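The two complexes that follow have chain A in common; it is paired with chain B in the first and with chain C in the second.
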Partner chain A sequence: MAEKTLDCLGEACPVPLVKTQKAMESMAVGDVLIVNIDHSCAMKNIPDWARSVGHVVEIEEVAEGEWNIIIQKMK
Partner chain B sequence: MSDTTITIKRSTPKETPEQRARKRLIQFIASGVVLVLYILLAAFVQTKNPQGAFILLIGLGFGYILQRSRFCFTASMRDPVLTGSTSLTKAVIIALAISSVGYMALQMKATGLSLEKLGTDALKSVTQLPGHVRDAGVHTVLGGFLFGIGAVIAGGCASGTFMRMGEGFVQQWIVFIFFIIGSVIGMAVLPAIKSVPFLYQATPVYLPKLLGGWIPAIIFQFGMLFILYIIADIYGKKKSGEL
Partner chain C sequence: MSEKKKYQFHELYLKKEWSYQTGAVLLALFSLALVIVTGKSWGVTGPLGMWGGWILSKLGIAVDTWAGFKATPVASYDIWKDLPALTNIGIVVGALLAVLLAAQFKIKKLKSIKNLWAAILGGLLMGIGARISLGCNIGAFFTALPAFSLHGWIFWISIFSGAAVGSKLLVKYFM
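Here is the complex of A and B:
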């Protein structure tokens, strides 16, 4: 089970999502992707997308205004 | 499959509880200072405009709701394409329906129930009505398209940019500077665009006037919004695999 971190700090709304979608493509089922974000909008649309695809998503606030979105690829 | 039990690793927090408590204290003090400044600003605006403080208060409430609800006009048009999620699209359609009710009430008061006041000296053009009845045409479509590209790249439309400036996202402050520059350029080239008949049609579309009365206009307005809502709902469900 591989784990990958994607640094999206300082990137505005659609960019973290597109990067996440690209990163997920290259990963195997069961792998975990951790996305670092600080744009509040990405906190909504990345989990929205990942859940709609069927992955497992968790959000953690690691610092004030900084979050980690942890996605496990399920299919 | 044995590994369906979800074992998502928890990442370690970047801040110690002490650092976090310190930041909370700074936030608390800063919000107190901003509140005092806001009240002073309201008191000042009130001397210039009798409704000034009230408008500021509405703005504060609007910003609060925008931030808490993650409501975003840009995302409402972008997310259906990008993620297939139409929850914000539906939210915007509902918001349009609610604001339509308010504007209809204000406009009915101005035009009269059978549009008898329209065209009189007091109300020569529909563009004088509350609710931004404006010229519609090729320029509307072109402008909307350009604005949409800009908003998606910049990460927010006007209200979204303001909201994220407040959240402390630095990129949005840069966006704001160019937002002003763009608006100034827009105002400067507007007369030139207005002089080209292909680009600018000076024809305000006002549904009650076009359809000959308030009843058909109301049916058309809410009917269209309802159809759009149904389309957004079906599209969203299809994309998420519920249908």
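Here is the complex of A and C:
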């Protein structure tokens, strides 16, 4: 089970979502992707997308206005 | 008691993002209220154009001789009488308040020089486009729909097709 971090700090929509989708393509089932974001819209559209395709998502607030979205690839 | 339980009101109403449905209903209500209270159609870039003209006039440039400022000269511009301009200031103050109440305020670092250029060029193009078409997504859409104006729907179709093409270009050339 690999773990990968994707730095999207300072990026605005839809860049974090597109980067996340690309990164997920190259990962195996069971792998975990941690996306660092500081754009609040990405806190909605990334989990919305990931859940809609069936991945497990968790959001962690790491600082004021900064989050980690933890996605485990399920299929 | 956990922190979340203790500050339940804060967590539910100020911190957690509202649903798209809640947002849509509130936007529609406030859009209507704005017309009732101010009696004006709100546009963002109209006042921004006036502010730009005002700054240029302070720098000694005679903008009032330009065609764009013929109808509303900068010399007689009074921001306190420009209700759409005050709404613009209100929306910035309101957004700041919301993000502070949610404890999510952050000054973002610039990721790269490429992003800086994209922001400057994007802003310029948006500004020019919005002024030539006499309105942005507020004046041409948000204000138009509650007034049952056809131009709002035409704008809606156009901006969606533009955004669709734009995102394809973004993915292809910018990432």
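In this section, the second predicted complex is superposed on the first by the 75 of 75 C-alpha atoms of A that agree within 3 Å, B and C clash if a C-alpha of one lies under 4 Å from a C-alpha of the other, contacts with A are read in each partner's own complex, and residues count from 1 in each chain.
Just so we're on the same page, a contact is a pair of C-beta atoms (placed from the backbone, for glycine too) under 8 Å apart; a residue touches a chain by one contact, two chains touch by 3 or more.
Only a predicted model underlies this, so the values are computations on that prediction, with no experimental measurement involved.
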Check: Is this a clash or a fit when chain B and chain C both end up on chain A?
Finding: clash
Note to self: Quick check on the superposed pair: does A:66 touch chain B, chain C, both, or neither? Answer first, second, both or neither.
What the structure shows: both
Next item on the list: May I ask you to decide whether A:40 touches chain B, chain C, both, or neither, giving the answer as first, second, both or neither?
Entry: both
Check: Touching A:9 in the superposition: chain B (first), chain C (second), both, neither?
Finding: second
Check: Of the two partner chains, chain B (first) and chain C (second), which one does A:58 touch, if any: first, second, both, or neither?
Finding: first
Next item on the list: Identify which of chain B and chain C touches the larger number of residues of chain A.
Entry: B
Check: Once the shared chain is lined up, is A:19 touching chain B (first), chain C (second), both, or neither of them?
Finding: second
Check: Do any residues of chain A touch both chain B and chain C, and if so, which are they?
Finding: 10, 14-15, 18, 38-40, 43-44, 63-66
Margin query: Going by the contact rule set out above, which residues of chain A touch chain B in the complex?
Written below: 1, 3, 10, 12-15, 17-18, 30, 32, 34, 38-41, 43-45, 48-49, 52, 56, 58, 60, 62-66, 68, 70, 72
Next item on the list: Report the residues of chain C in contact with chain A in the complex, numbered from low to high.
Entry: 17, 99, 103-106, 108-111, 115, 167, 170-171, 174-175
Item checked: Contact footprint of chain C on chain A as seen in their complex -> 9-11, 14-15, 18-19, 22, 38-40, 43-44, 63-66
Next item on the list: State the interface residues of chain B toward chain A in the complex, per the touch definition above.
Entry: 3, 6, 8-15, 20, 23, 27, 67, 70, 72, 74-75, 78-79, 82-85, 87, 152, 154-156, 160, 164, 167-172, 239-241
